[in-house]
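First chain A sits with chain B, and in the next complex the same chain sits with chain C.
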Partner chain A sequence: MNVLKVSRWTIAAFILPCLIVYVGLVFIPILVSLYSGLLDWNGIGQSTFVGFDNYVRMLTNDSVFWPSLRRTFTLAGFSMLVQVPVALLVAILITRFVRRPNFLVSSYFLPVILSVAIIGQLWKTIYNPASMGGMINGILTSIGLESWTHSWLTEPNVAIYAIILVSLWQYLGYHILIQFTGIQNIPDEIYEAAKIDGADGFKADRYITLPMVLPILKISIVLSFIGSLQSFDLIMVMTGGGPAHATEVLASHMYNMSFLTMKYGYGSAIANVLITICLITTVLINFLFNRVDKRYS
Partner chain B sequence: MSQYASSAGSQPVVKVRSRRLSLKTILAFVLFGLLLLTQLYPLLWLLIYSLKTNEEILSGSFFSLPAQWQWNNYQGAIEGGSYFRYLGNSLFVTVTTMVGVILLSSLAAFAITRFRWKYGQLVMLLFLLGMMIPMQGTLLPLMIIFKNLNILNTHLALILPYMAFQMPIAVFILSGFLRTIPHEIEESAIMDGAGPFRIFRSVILPVSIPPMMTVCILTFINVWNEYILAATFISSEHLKTLPFGVYSFVSQYSVNYGSIGAFLVLAALPVIVVYFLLAEKITKGMVAGAVKG
Partner chain C sequence: MTQRKMKWFGLAMTSILAVSLSACGGGGSAATNASGGGASAEPTGGDGSKSAENVTITFQNIFPDASDPKNKMLKKIVAQYESENQNVKIELDTLNTDQQKLKLKTQAASKEVPDITVVNPAAQMQPFVDADLFAPLNDMVEENGLKDTFQSGLLDYYTFDGNLYALPDGNNIGVVYYNKKLMEEGGVEVPTTFEEMIEAVKTLKSKGIQPMVIGEKDSWTGSFLFMNILLRTNDGPGFLQDVMDGKKTFEDPAYVEAIAAFQELVQAGAFQDGATSFDYNAGENLFKTGKAAMYYMGSWATGGIETAEVSKDGNVGVFQFPTVNGKGDPDEFMLAPGSAFAISKDSEHLEETKDFLNYFMLKFPQEAFDVKGAVGIAQNVEGDFKAAGYSDMAMDVLDLFEKVKGGDLAFDNTMNPGTTQAHLSGTQSLFVEQKDPAAVAKEQQAAYEDNK
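For the complex of A and B:
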């Protein structure tokens, strides 16, 4: 079906520049990382080959690894179970009630396009103690709920939820936008036909919007999952994993191990686990949705 | 209020009608308004915050407007934080990455979709695989590689990985588009004696502007905002990009609240301006990026 029959050199000239940059900066590093995960190495001096020691230590003798893995999944869970459903609800309501939806949707989307460096600092200021001009504590104090005030980012059992809230806040608009677009793409005739059959309003949503929007929902869920696995930039900006590792996720653990304690081998091992989890969950979510999809059609 | 209620009471028809029309609608709009407030108010708050004096900020009256607009906060931010240097660096890194991504990925996408060769699908698969790989996973090995290549702490150390990680989605979007172009177009070009480079330049490129815009937007948003790589690979003050610049400004001027606010506003400004100009294109591009990812 492809018409152009060209010499090997022409193909190479077209494809190689891209492929070299891509493979050289994505796959070669992963190979390097797979290898250095087997080393005991501080990045500068001699390295010793230790086999799977790093992995064994990570799984059995690392007091930060499991909690940070759990936190990673907590983040993903909040995103999938709170953010995505809320976004779907809002998207459905906007489609139903708003005649000119562009303003709303693009306003909700605004935080998405800002850098986490900015968002993180902004929310750090918002979370500040009232004596430093923090908004949340200030509001709580002024409506007489002084006992509710916290130093949000330095109390170990509150800090991670404070960060999760920011992450939910920032990306809510993204999910609203994606699902809103998905709903817009459902042909009107289906709703009209359903109306004749007596399905209207929320009934139509249950039996038409939901199944039709499923592929888009899948994208939203994959995005929120992958996003949560990767979203340590916010954590690095806001707390750096502290206080006392209370906001550490897998990626920040990897970062701190590598660049603060200079355990390059160990850091690589964590990075490899992270990549593996990413690959497995993406495939898994796709597989699950394919099954759900089949049941519906 | 009570007057309104009594007059409504004397006209029950109107009342019933308006209520039936609205209960759900009102609830929905309350929700919309609430969300609008939560999504935008923090940004507005930042703007007001950035125009206050330290005393006003610390006094805790956060709803109040500043008594006098403190534009010198902005002056402080620009002068103390070398804002324009960071801005220039961000611009340079982003634009170079964009050009590189567009150029290389469109060549590759063209080869994958239009040439008759065995490994096209394999290459495509390689790019698809790359979409699932998180950038942080390669942070450490890239650091080691760049150190050995002696390009750590240069802009190249940012541009190269940025390009590489934007390529999968770029190739995917572009080749998806190229598949929709009928083959007759280049058949006639071949008849006219055009070689593959010629076809690419004068037939394919001109029609591929819309998907290229999408790629540009995705690259812009992702690269402009990237923080971790910039903070890891760059240490020289004069090479920092804006997101990393924010971090260093904040840690340097940690008690000068108004200036921090001003710097944050300034840092957010370029993207917000671009967003106002291109809102629809950006949202469409981001959806395309998500859907195809």
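For the complex of A and C:
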């Protein structure tokens, strides 16, 4: 077990700083928020202990909570089931057909390093009505599909998908980069051996690339899932959760409750639910992948 | 081999979980983080300054825009004070409005309010007053005759149980700005009734002119307009107060009628497409760039519109919000007593801070007048506006101030935050779908009872 032959104390000494920071910045705040989730508190004045009232209210009597939970999962689902597979496909194609892939991968990665505020403003202009110079509606009108035009960010049924698209677009490059690197790390010898055995092209992808990139894929999926569970900034910039809560997700609902409605305790309760969901899904994804892993190893 | 690999991936997963969880818990940890952030805003000269020799006062303010005259004015007065009082250093903590609101709330949660901060009137500052965070300014405002410089009655909005807690920098009213050229092109007159306004909207719309604009992503904008309609349908001010006193409910006919009228305006196509994705500035910019005929806003917008391109050759006029269904008095306005400066009760240098704020507010009107920022300030200004080069539109706005016979405060200045948020999103929803006014009113009443 102890391959490095150093004492346990040395190991402890090296781990300690990180552990302290981790506990201080993650565990203690979570504990504090667990506690404040039990309070009726506006964040400033006196607080009263109300037990699980906040949670009862959230689950039974909050017309915004369930829809925003549903939207949160829609977003997570899209990014897991659309974004990651597309990224994988692009990564495979790049590896296979592009001789100098670095430029392409960097270009795909570009939106990731742009600030969300910029991305949001950019796409708001793209989504604008044609009369305000919106690109999408402009194109639709010019090719005679006027009936397809929408005011993308303000129609309650459409707005959330418009935002999801932007978020998928922004982080696509991130997942391409991760998976591209994963594919690059697969030794060439394996492909050469497979070629001799007659497995070439997409057959090789199916039986070699996919299983071997699986661990990386898992990271990608967990990242995309958790990332979308806590998506917040893009929504704040583009719609602020509106119109009338139509694009509210859990994180923005939490923010609104804590800081605009000044129900800090209630906001904390929502935060705790979000933490719990993050935890459960991470464990769940890990569990599923372990089973898939076993099948292939 | 695979076993070893698994271990590494396990490790990677754990660290990723760690990172994501820390971000996940971000909301919950805001209060704890804030205590760190708040500490830096504390007066830094605290240690060696007990002798009142060297004093540092932290002045949180919301004039971040360096091109805004108020920003220059602020720096000028501070520099003057510092040169007259060599031992005092004023440290500016300049933020934009939303940042400041958030920062103050987090600072308040850890009882680390800066020496001077900014609050909004009435119901919005109530929680801070209840938490006993501010020092009463009753004695300070009497010094050097500061109290008499304020418009009469205005300080009431900042007074709780006979104690004055903040001094406002502005006092505004809701008015309608209009683009004379576009109105002429559309062949419409300045409306004197709400019905005429609807007709004007339809006419302008049919001629391809954008009738009105609004920045409804920041939902207070729509609410402000709505409240002006309510001020008319209720045939006078005080509706929200009556609700709070239990004399009326939100299902009162006046409220329902106001929703119906507001909806009629929206359905007539008054506002730009996608209004709910325009924030306040973006909405106002449409008017400033001459893309819309009318714009309802508080008179604080005067300065910005005046200097915009649309105002060339006196192209922008201003009118009072008209009567609705023949009800109400146009001389009653939406009143918007401005944000105000409050002093932390726990300030280490309470006396010096009071002295500085007194100095600052005494200088404020004249300095604001000089930089042409004196339309809609809280204090009486001596000076000839016309001669000082204020525009005709600014003069018109000043004339409207003369007409004010009373009015209502904005919703969020009257009701608690919970009820307010329900109202704001209810109003916002009227922009995107047609609703039964009675149902909207009923929801509002439910939200009110829920948050009582």
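One rule holds in what follows: the second predicted complex is superposed on the first by the 272 of 297 C-alpha atoms of A that agree within 3 Å, B and C clash if a C-alpha of one lies under 4 Å from a C-alpha of the other, contacts with A are read in each partner's own complex, and residues count from 1 in each chain.
Going forward, a residue touches a chain if its C-beta (ideal position, glycine included) is under 8 Å from a C-beta of that chain, and two chains touch if they have at least 3 such contacts.
The structure displayed is predicted, hence computed values, not measured ones.
Asker: Superpose on chain A as described above, then tell me if chain B and chain C fit or clash.
Answerer: The answer is clash.
Asker: Count the residues of chain A touched by chain B and by chain C, then name the partner with the higher count.
Answerer: B
Asker: Quick one: classify A:94 as touching chain B (first), chain C (second), both or neither.
Answerer: first
Asker: Based on the superposed arrangement, let me know which partner A:169 touches: chain B (first), chain C (second), both, or neither?
Answerer: first
Asker: With both complexes overlaid on chain A, does A:278 touch chain B (first), chain C (second), both or neither?
Answerer: In the superposed model, A:278 contacts both chain B and chain C.
Asker: When the two structures are overlaid on chain A, which partner does A:19 contact: first (chain B), second (chain C), both, or neither?
Answerer: First partner only, chain B.
Asker: I'd like to know which partner A:143 touches here: chain B for first, chain C for second, both or neither.
Answerer: It touches nothing on chain B or chain C.
Asker: Report for A:196: first if it touches chain B alone, second if chain C alone, otherwise both or neither.
Answerer: After superposition on chain A, A:196 lies in contact with neither partner.
Asker: In the overlay, answer first, second, both or neither for which of chain B and chain C A:255 touches.
Answerer: In the superposed model, A:255 contacts both chain B and chain C.
Asker: For chain A, which residues lie in the overlap of the chain B contacts and the chain C contacts?
Answerer: Residues 22, 25-26, 28-30, 32-33, 36, 43, 131-132, 219, 222-223, 226, 229-230, 251, 254-255, 258-259, 264, 267-268, 271-272, 274-275, 278-279, 282 of chain A touch both chain B and chain C.
Asker: In their complex, what parts of chain A are in touch with chain B?
Answerer: So the residues of chain A touching chain B come out as 1-6, 10-11, 13-15, 17-19, 21-30, 32-33, 36, 43, 90, 93-94, 96-98, 102, 104-118, 121-123, 125-126, 130-133, 135, 138-139, 141-142, 169, 172-174, 177-178, 181, 216, 219-220, 222-223, 226, 229-230, 232-233, 236-237, 251, 254-255, 258-259, 264, 267-268, 271-272, 274-275, 278-279, 282.
Asker: Chain A touches which residues of chain C in the complex?
Answerer: Against chain A, chain C makes touches at 2, 5-6, 9, 12-13, 16-18, 20-33, 101-102, 105-106, 108-109, 127-128, 130-131, 133, 216-219, 272-277, 279, 417-418, 420-421, 425-426, 428-429, 431-433.
Asker: Which of the residues in chain A come into contact with chain C in the complex?
Answerer: Chain A reaches chain C through residues 22, 25-26, 28-30, 32-34, 36-37, 42-46, 124, 127-129, 131-132, 151-156, 215, 218-219, 222-223, 226-227, 229-230, 238-240, 242-246, 251, 254-256, 258-264, 267-268, 270-272, 274-275, 278-279, 282, 286, 293, 297.
Asker: Contact residues on chain B for chain A in the complex?
Answerer: 24-25, 28-29, 31-32, 35-36, 38-40, 42-43, 45-46, 49, 57-60, 62, 100, 104-105, 107-108, 110-117, 120, 123, 126-127, 130, 132-145, 160-161, 163-165, 167-168, 171, 183, 186-187, 190, 196-197, 199-200, 221, 224-228, 231-232, 242-244, 246-247, 250, 257, 260-261, 264, 267-268, 271-272, 275, 279-280, 282-283, 286-287, 290-291, 293
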